[in-house]
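Below are two complexes that have chain A in common, paired first with chain B and then with chain C.
So, the complex of A and B:
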């Protein structure tokens, strides 16, 4: 059953994405660690961390695409799930500091000592265990998405109203995490990390390992999302996106379809956040800022929503542009981002990947029409021998 | 309270108002199992609202709606009602435009509707054969991998009838199936519906009198949310009250 589920995901697109990511997971760390400093082919340390960060953003955009591109839920609060995953990882990293903090308290992180707290709050318990923290990386965003979705989708809140409450959700979390009494380091967040699983967070080898882990996590997420969208449930998701009430009259429950996609998406976003934090070295409430979540929407739109590959490309391109712009023309970046978004909305409404996909689909269709014009019309209708063959990549789909 | 009737569909004293406008006014109607019924009536007679009530989209203010003898439809929502075996074709053809014709049928096919079974669903030979059969019946076999969005209006109507067949409901509610069809297509659709009614109960709402005559079944005329006249088409069309609402004084 599970094998068949993943088997369905296979296709040229999947081989390319997974192949490229796995190649990056091996080649980039190898070049960084094995080649001597100054070698032309050596990827410098800062670039490894930077690319690792881009890939966590790509994972976040992929997560958003699953709900926005396939179920039509425009979440303007996906950054919240990313930040929660990041905080769960940050809590583990804080506990790893142990007695090496400024105040030398073996149990309490520095900010708690500073606030005169006497003991660890209950919600920090267990975060010294890596496995527990990793579980929480998925459980906390998943649970929040479940609770939020349960009420929102069952009450049939859709469209702009839903987008606004997702935005309110991340804003509320940001305000909460800014408060010192929340016990998450307030304004400063969690930082000064030292070790992860006993390896120094600063060491190039650890950075390279984290980069490789991010590549693998993104590849796995991509496979999972592809398998979901190609299953029958994936078709139902698209049906819900396009004609929600019609699916009800066939007997499906759009609220549960949405809930499923929303929770899976939140978990992927949480894992992305957890990989982000050790690579950038800090997590603070700014990650919950509504603007961050909106930026994710921009990456996804630019890359092409409903394509899975598009958001990955969009996130990497836009963030690369951001890095370049903020160094070269820092004051122009926001104008460039806004201009890019407007341009893509006007000229490439399906994003980069969607537009390219349409071009190829159009060419294929023209070929099909030419081919089907030739046989006499009284021949029996041709259909592929194998029903699976038009579930593959060759069938033109509007979303691609 | 349990009410047991012999009818597949039983409406009694149903009323519903929208902002003071009585769309349905003390409507009573009973459909026998296996029966096909044509519903006619001028615009605003409450035909579509009646379908909304039966399929759970609208809750009646008062009155009883029973399906299959004893199931109180007013206590269930759209998905529940669809799964009990009431299928609906909409006035404006509503198909999943970004799916292929085949996938439209596939999604409608009777089967599990919850998350995990659909996530791990695999196409069986039975399902493939059923899809082939239905595509044959609605004559869309050569369009199976075309996008539903690219079908003509009449083809979309037929695809939606195919989707109804795939659901294999006990009761079919068919709202204006021949709107926008040519005369030949209209006759084909009448033939198709008569075939379907061999094994299903069917309610057809239609304006086209020629089509209703083709169906040759009992006719109910609605007016201002209640039944004005009921009987054979000849009987109903000879009824002076029916003539009055259609032609005016």
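So, the complex of A and C:
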């Protein structure tokens, strides 16, 4: 059954994406490690780290797309799941420092020694083990999403209200993590990492390995999301997005569908965060900032929500632009980003991939019509209520 | 004459008008006589003529009697204090600290006006003695030679070698003696402000020996505020003495009436040294003060809460309109607030440059300017962007977020990233006391302003045709449209109004917050919380929501700290939304589904 579940996901698009990602996972580290420095085809170290970061962002955007593009939940707090996964990974990395910190305390991380803590708080227990930390990377965001979604979806908090309370959630978490008493390093967060699984975090080989791991994780997430959206459940998700009440009246339970998607999405975001931290070398409460989460939304929107490839492309494009702008015209970046927000929502409501897809779909349709000799039957056109015809004077109200 | 002039305040005599009893007048003169007796001996004759000039309207009879008493008293006291001020001052460097303490007291008893500054510089350690001449001087400058000034006469002496100058040393007990002495000197000054500060000093360093002095001062004091402090100072002095229980209980009452933390400290200190028979009185007093203080704390928190609530109300009310009427989430709302604050900055600069005399009323010009600027920008945003996105609230949210980034960056490019200084007009600075609760004027005016804006908006919504149309569109857009209301126009006006009110909020917030490009960011999440909590489409909901959140926040803060309080509020709202997904005052009927 599980095989069938994934089998259904297969398709040309999936082969392409997974193939490209796996190729990148092999070729880029190989070129970085094997070719001599200065070779034209060699990918420099910084570029490996940068691309690894983009790919974790792409994973985060993919996670958001699963809930926003397919279930219609606009979460303005996905950065929180990302950051929580990152913190879980950061805690493991902190424990790996051992007695090599500034204060040389074998039992406590530096910031706890600095704050005069006597013993490790209970929630740090177990993070010495890699497998436990990896479990937490998925369990913590998953549990938060489950608890949050359980309450929110059962109470039928929808649309804008839901967006605002997800924003409140990440804002509250940000404030909480800024506090020193929380035991997560307060303002400075967790940094100064040394080793991951015994390999130095700084070494190019480890970096390359992390990059490859990110590629694989993104590919796996893509396959999982693809399988989910193409399954029967995926169809129900889309129907919840487009007509929640109608789906409920038919007999489905939209709240459970939403909850499932929300939790899966949070777990993917958590894994993305966990891969992000060792490549960037720091995790701090700034990652919880509501602005970050909104930026994720724009990556997804630009790439094209409701398509799984879109958010990946969007995240990589926007972040590349950000890197370029902040180096070349730092003061123009916010203009560009703000302009992108406005332009995409006004002119590209389906995003880049969605628009291109529409174009090709339209061309196929025209070809089909031209190929068939008989003109299409002149049936009365059934238009859904509240559609284009009402634009202007009145406001259509599709379920968001 | 010179010696006495500042001591014989015309105020003292004129304050006691001619209608006062003879006895009263005698007492006044006696008090003064006591203090001046020692220095009038060489000047007695001259002195005798003084009241004539000072109180021309008095009857010859009473004048004569006064003079008689004066001279008699002077004669009686003279032998005991036959030392001149100069002699006393010269004794300052000599002897043990306690001897010098007595000299200070004697100096104070002379009542000479030059003594107070001299003693103050003594306490500050600025007083020096020139070893050769024994002259008491204050010095300035550093190095081998210093500039010396006679401490008593203020005469410039010129450069002296610093090796020949020795500082007069003081210790804490001497400083205390000096403080009391200065208090005595100033307690009967003609200037109410001086008397007030003297009484306060007495209150701080109460000494049982001062009771008599305070009694005298109280007897002639007419200013009620000063009188109260004096009485409190007297009560503290009594509490520190071993007076009989009746006087003690009276003093406790006076202190309880004061009722602040200081009073509590005084009573607690008194408790430790009190006899067993007065302990219950003090205990009762302490618990009375503690009750009062708790009440004050509650009052203060309520005020802080209301003040925070007013700020939230100002920031959220514009949002509530656009959200309520148009279902539009305006993420650029915070930036409208920020633009309002910057408009204030620009208007103040223009006024300062062109019409400095109008500066006190700069806010009155800034208000309409900010309303217009942000209102017009709001209309432009509605016509340019939001109009194309109706029916897609989540995408409106994104587009307005993009706009907010652009506006922020534009302001940063124009005005710089650092804070801009917006000044408070005089009537907005300072504090006033409201039954023991300290209220700053700017917070007070902001609360008033928020309520005025709220009332104004309520008026617009209920009493104008635009308001009628806005309400119709809120309730049923299509029906309103069918009835001939131009909904696009209403939308534009609503958005303009909401943004304009954000601009007004910006003017108010510029008075209490840093005017920087990030100003709006700090308020946007809070305003959303208020709107969501209060319920959409209902101004009263916004009012109740803002005030509830403000007061709740300020009541949690003492227990949880500011950050944790905020987190609690956010969690509370998240949970509250589960229970009432449409807020406190939900709109009923079909509009809910729209």
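Remarks
FYI, the second predicted complex is superposed on the first by the 370 of 400 C-alpha atoms of A that agree within 3 Å, B and C clash if a C-alpha of one lies under 4 Å from a C-alpha of the other, contacts with A are read in each partner's own complex, and residues count from 1 in each chain.
The definition used in the following text is that a contact is a pair of C-beta atoms (placed from the backbone, for glycine too) under 8 Å apart; a residue touches a chain by one contact, two chains touch by 3 or more.
Remember, it's a predicted structure, so these values are computed and weren't measured experimentally.
A simple residue count on chain A separates chain B from chain C, and the partner touching more is C.
Applying the stated contact rule after C-alpha superposition, one finds that A:242 touches chain B and leaves chain C untouched. Of the two partner chains placed by superposition, only chain B is touched by A:253; chain C is not. By the touch criterion defined above, A:136 lies against neither chain B nor chain C after alignment on the C-alpha atoms of chain A. Residue contacts after overlaying the shared chain place A:338 against chain C, while chain B stays out of touching range. Counting contacts by the rule stated earlier, residues 395-398 of chain A appear in both its interface with chain B and its interface with chain C.
Contact residues of chain A toward chain C in the complex are 74, 148, 151-152, 154-161, 163-165, 167-169, 171-172, 175-176, 178-179, 290-291, 294, 297-298, 301, 331, 334-335, 337-342, 344-346, 349, 386, 392-398, 400. Put simply, chain C touches chain A in their complex at residues 327, 329, 385, 388-399, 401-406, 408-410, 412-413, 477-478, 481, 487-488, 521, 525, 528-529, 532, 563-564, 566-567, 570-571, 573-575, 577-579, 581-582, 593-594.
Residue ranges on chain A touching chain B, taken from their complex, read 1-2, 4-5, 228, 231-233, 235-236, 238-239, 242-243, 245-246, 248-253, 256-257, 260, 381, 383, 387, 390, 395-399. On the chain B side of its complex with chain A, the touching residues are 55, 57, 77-79, 82-83, 87-88, 90, 94, 96-100, 103, 106-108, 113-115, 118-123, 128, 141-142, 144-145, 147, 149, 163, 167.
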